[in-house]
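Chain naming follows the written order as A, B, C, D and E, and within any one chain the residues start at number 1.
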Amino acid sequence: MAGEGFYRAMLRRQLALSLRRPVQLFNALLFFALVIVLFPLGLGPSPETLGEFAPGILWIVALLANMLGVETLFRSDFEDGSVDQLLLAPQPLYFSVMPYLLTQWLLAGVLLALVSPLFGLMLGLPVGAMGALAASLLLGSGVMSVLGAIGAALTVGLRRGGMLIALLVTPFYMPVLIFGSGAVQAAVTGVDSSPYLALLAAMLCLAVALGPLAIAAALRISVDS
Amino acid sequence: MAGEGFYRAMLRRQLALSLRRPVQLFNALLFFALVIVLFPLGLGPSPETLGEFAPGILWIVALLANMLGVETLFRSDFEDGSVDQLLLAPQPLYFSVMPYLLTQWLLAGVLLALVSPLFGLMLGLPVGAMGALAASLLLGSGVMSVLGAIGAALTVGLRRGGMLIALLVTPFYMPVLIFGSGAVQAAVTGVDSSPYLALLAAMLCLAVALGPLAIAAALRISVDS
Amino acid sequence: MYFPGPSFERSETPSIIAAAMWTFFHKLGSPPWLYTISGQILRWLLPAALLALVVGMCWGLLFTAPDFRQGNSYRIIYIHVPAAVVALGGYYIMAIAGAISLIWKMKMADIAMLAAAPVGAALTFIALVTGSIWGKPTWGTWWVWDARITSMLILLFLYLGVMALYEAYDNKVAASRACAVLALVGTVNIPIIYKSVDWWYSLHQPASIKFTGGSTIDPSMLYPLLLCIVAFYALFACALMANMRVTILDRERRTGWVRRLVEES
Amino acid sequence: MPSTSDAGARVLLDARGMGVERGGRQLFHALDITVCAGELVHLRGANGAGKTTLMRVLAGLSRFGFDGEVAHRERCLFLGHHSAVKPLLTPRENLRWHPAGERFGDDATIDEALAAVGLYGYEDTPAAQLSAGQQRRVNLARLYLSRQPLWLLDEPFTAIDVQGVARLQARLVQHCRDGGAVLFTSHQSLDADVAVRTLDLEAVAY
Amino acid sequence: MPSTSDAGARVLLDARGMGVERGGRQLFHALDITVCAGELVHLRGANGAGKTTLMRVLAGLSRFGFDGEVAHRERCLFLGHHSAVKPLLTPRENLRWHPAGERFGDDATIDEALAAVGLYGYEDTPAAQLSAGQQRRVNLARLYLSRQPLWLLDEPFTAIDVQGVARLQARLVQHCRDGGAVLFTSHQSLDADVAVRTLDLEAVAY
């Protein structure tokens, strides 16, 4: 499909592949809930500690969910030849990867950001910090999706990429984790969290502008190897 | 190959597939290190409190590593028809799945248990608790490998099992997490940790004895669907 | 045969009891019989259950004195406690049905298992929500990581796991068999989960919030509560049977007796 | 229970009244299949006729959702659409550690089989670096190693070149001559001079 | 730059001095390939001869590790060993949302193409529930939808039944008659009456 039509089609394709049935959305939510429950079980149920760690816990869960999702971002499309077709398509690859990123961000980022206040409540996060929590997750997961996709594109041609991608990507995730949980922490202690959020927003802009270049280059290399 | 020879061959096959290159072992270790570093970064506790939560953190990381590894335990063998061949083999499936379990346990369990004292040190865990940490990880990861493999066998025929297996398996992992981190916690506070370890050992026996039955049944169902 | 288990046909010493049970099992395995008999049971059980519920509620809500500590907020107990109790029992009903379907390959058992899951999940959810609502005035927060609450949450995950697994399979015959395996693994695991969560809580929390003292309930509150629990069990049975009837009709829609049924109505 | 057919040959596979319905369509119905030692049977049918479905039932991989029963089946070797070849392993390792549970002998035997399917020189190349047809050949090397009497082969000639097909065909004939039996599907026809019994799925379609 | 060949036909693909070495073996060497409008070219060669490798170079998917250059290539449609068919999606969705970036028209057009490859009635069945040959056919439906002049097809007949191969062959001929060109690999030969130029990779092997 020419022009915009193609990107819309690719987006619908990606969404259909991840959410063939509405129940899958629900499963994604449940996944967050389950991983979050692990933390009280591991760290202990005391409301004070949980409340204190809630920003970090929520952010680590977001990070892990992102890493899990991103690993398989291009894998099946690579293995069945869809990436070949994408590369041969007349549309620039820079834009063609956007639907992948968007879907990944919607599922591992936006969804979690939307329900994060509920989990925040369960972990005893002060109500005043919910806004900062959702905003930081929304922005930060976008950055992580782009960075993770670079790692995924680089390792998709390798047969045992599972661990490797984590290795490549985690160091880049760390600043996001620091600023993100920092934003929530700031809101908890009553400090203004907007500098953190501004930083995350700047990182997001940078990632979205430059990331697809790297992803496109990495995919071309992977297909050729 | 007849009798024992077959199981040894399968074990070597599984090991070769996971560790084709020695560097992969190293990657697995680095993965643990990176994820463990995320926790202090995200939770931001002071060094004193960090030691208190070290058992929980280490155990949560072990659990997540297990879940990640177990998801792909049967997938590629299922997709390329190896599981079909395994089912048609004259050897009982109950034993044929053991090499899979053993490999998974060695990589996500034993390896982590062996290096866990190092990570414990990094998180400020008292030296006296290192024994309990390693022992609990050793036993507990065995239980988790078996339980996780049941989930993997149930979902291997599904095209989007990624999130689902977490949903199926995490509730069953929770007792292991509780007893495991409990054992370390006990050792930290100077209490005897052997009741916890005994419980984990009992669970391991139960899991190893009954788990393969469920795995075999689940694989037959998946192949047939 | 992939799951070893006793089989009635092969039993070496056929006693009268076993024979009688076998015929009963055999009847249970017959969809038309089950459809008819469940229709008859529902006809009186549903009104009875509703009546018991209304009586229990009115009794509890209108004719008992307010609690001296909690005022009137405790009255939610008449929903909360029955829902929690029945939700727990429901898992066992589901798991036992799963075991039967797997071991004796009884079609009706797996229909029962699948019918129990959503009902149980709904009750668990009700218990969680009413508990949260109750928690706000009582503890001042919506949620605490109490042992009972945590295990209730895990129970919800277990129910949802069975439902999600069933949903995920295209082939519904395989789906119900997979769910049966999962439910069976669950039966072994549930006591372990419960014990472990209790242990976890007592390890970390030297009893600062306490709500486990069942003995503190005054008899005037207890009797309506018991009546409500019975009513909830009966409602559970009704929902289970109604659910099963729908599934039976759906699965047997190509058979003669369903066609005849449709023609008659 | 080595039953024998009317002609006296040992029956290796005996299925009666097979019928399968998929997606609301009856693929085949009341199909009897008997394969005796020495027989080479070609199962034909258009795409979607149900050949793979039938083969999986006959192999014992599908155990539900069909009518009829497989009354008797000797131990069998099954090759499906998927070749069970691991890209990470070399051809030699793929055979040495094959999950089918049969003893394939030592490396010299395996190398001979690999040479027989034209993979001489590729024994130690990871299968990922082989061409599509070469990967299929790795799996076909089992036909030179196996001792199973009954072979169930689902499209064994896929991606194999002309010369390879001729050699494979000779191998199948040889196996039947040695007292085995082969039931295979293919969209290609065998050479005219090979004695093959054709079973047409369309002919029995419902 | 629509260059023309000696005979005056438009050149759609022009590659000069192609050579590839893989795993220490020279697959082919100093190979010139020119495909003009109207030509049907059959690239032959044994398993492992390098057909797939060459096709990927010609399509522009491999950009390194070979000698020579693809001097000119019209926009092309490429079908590889892997069919890019998503098992979760229905045939209709697979085509409607195809990643090749070509406009395939509305659903009616797509349904027509699906009918042309024999998938009438399967438009809304998830591809996972199709047989091996039917899944390949989903991808082949692109041959009835695409407007690209140059087709590079790597083993398009794999897993397709006899009747399907005949229809496909007719489609290829039709495309060439309409001014397009097809370069394809296959281990099967086309019917004798089709005008096809054969390019043998063995003949140019080093």
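Following the convention adopted for this analysis, contacts are C-beta pairs under 8 Å (C-beta built on N, C-alpha and C of every residue); 3 or more make two chains touch, one makes a residue touch a chain.
Since we're looking at a predicted model, the values are computed, not measured.
When the C-beta contacts at B-E and at A-E are tallied, the pair with the greater total is A-E.
Distance from subunit E peaks, on a Cα-centroid basis, for C.
A straight line joining the Cα centres of subunit A and subunit D is 46 Å long.
Here the spacing of subunit B and subunit C, counted between their Cα centres, is 32 Å. Averaged Cα coordinates give subunit A a centre that lies 37 Å from the centre of subunit C. Centre-to-centre spacing of subunit C and subunit E amounts to 58 Å, using the average Cα coordinate of each chain. In subunit C, the positions touching at least two other chains are 154, 157, 160, 164, 168, 170-171, 174, 200. Touching of two or more other chains is recorded for residues 20, 27, 30, 34, 37, 41, 44, 160 of subunit A. Multi-chain contact residues of subunit D (touching two or more other chains) are listed as 64-65, 81, 88. Residues of subunit A touching subunit D in their complex: 159-160.
The touching residues of subunit E, counted against subunit C in their complex, run 126, 128-129.
Interface residues of subunit A, counted against subunit B in their complex, comprise 18, 20, 24, 27-28, 30-31, 34-35, 37-39, 41-44, 49, 52-53, 55-57, 59-60, 63-64, 68-69, 72, 160, 162-164, 166-167, 170-171, 173-174, 177-178, 181, 185. Across the interface of their complex, subunit B is touched by residues 2-4, 102, 154, 157-158, 160-161, 164-165, 168-171, 174-175, 177-178, 181-182, 184-186, 188-189, 192-193, 195-197, 199-200, 203 of subunit C. Partner subunit D is touched in their complex by these residues of subunit E: 22-23, 45-52, 81, 118, 125, 129-134, 137, 155, 158-165, 187-188.
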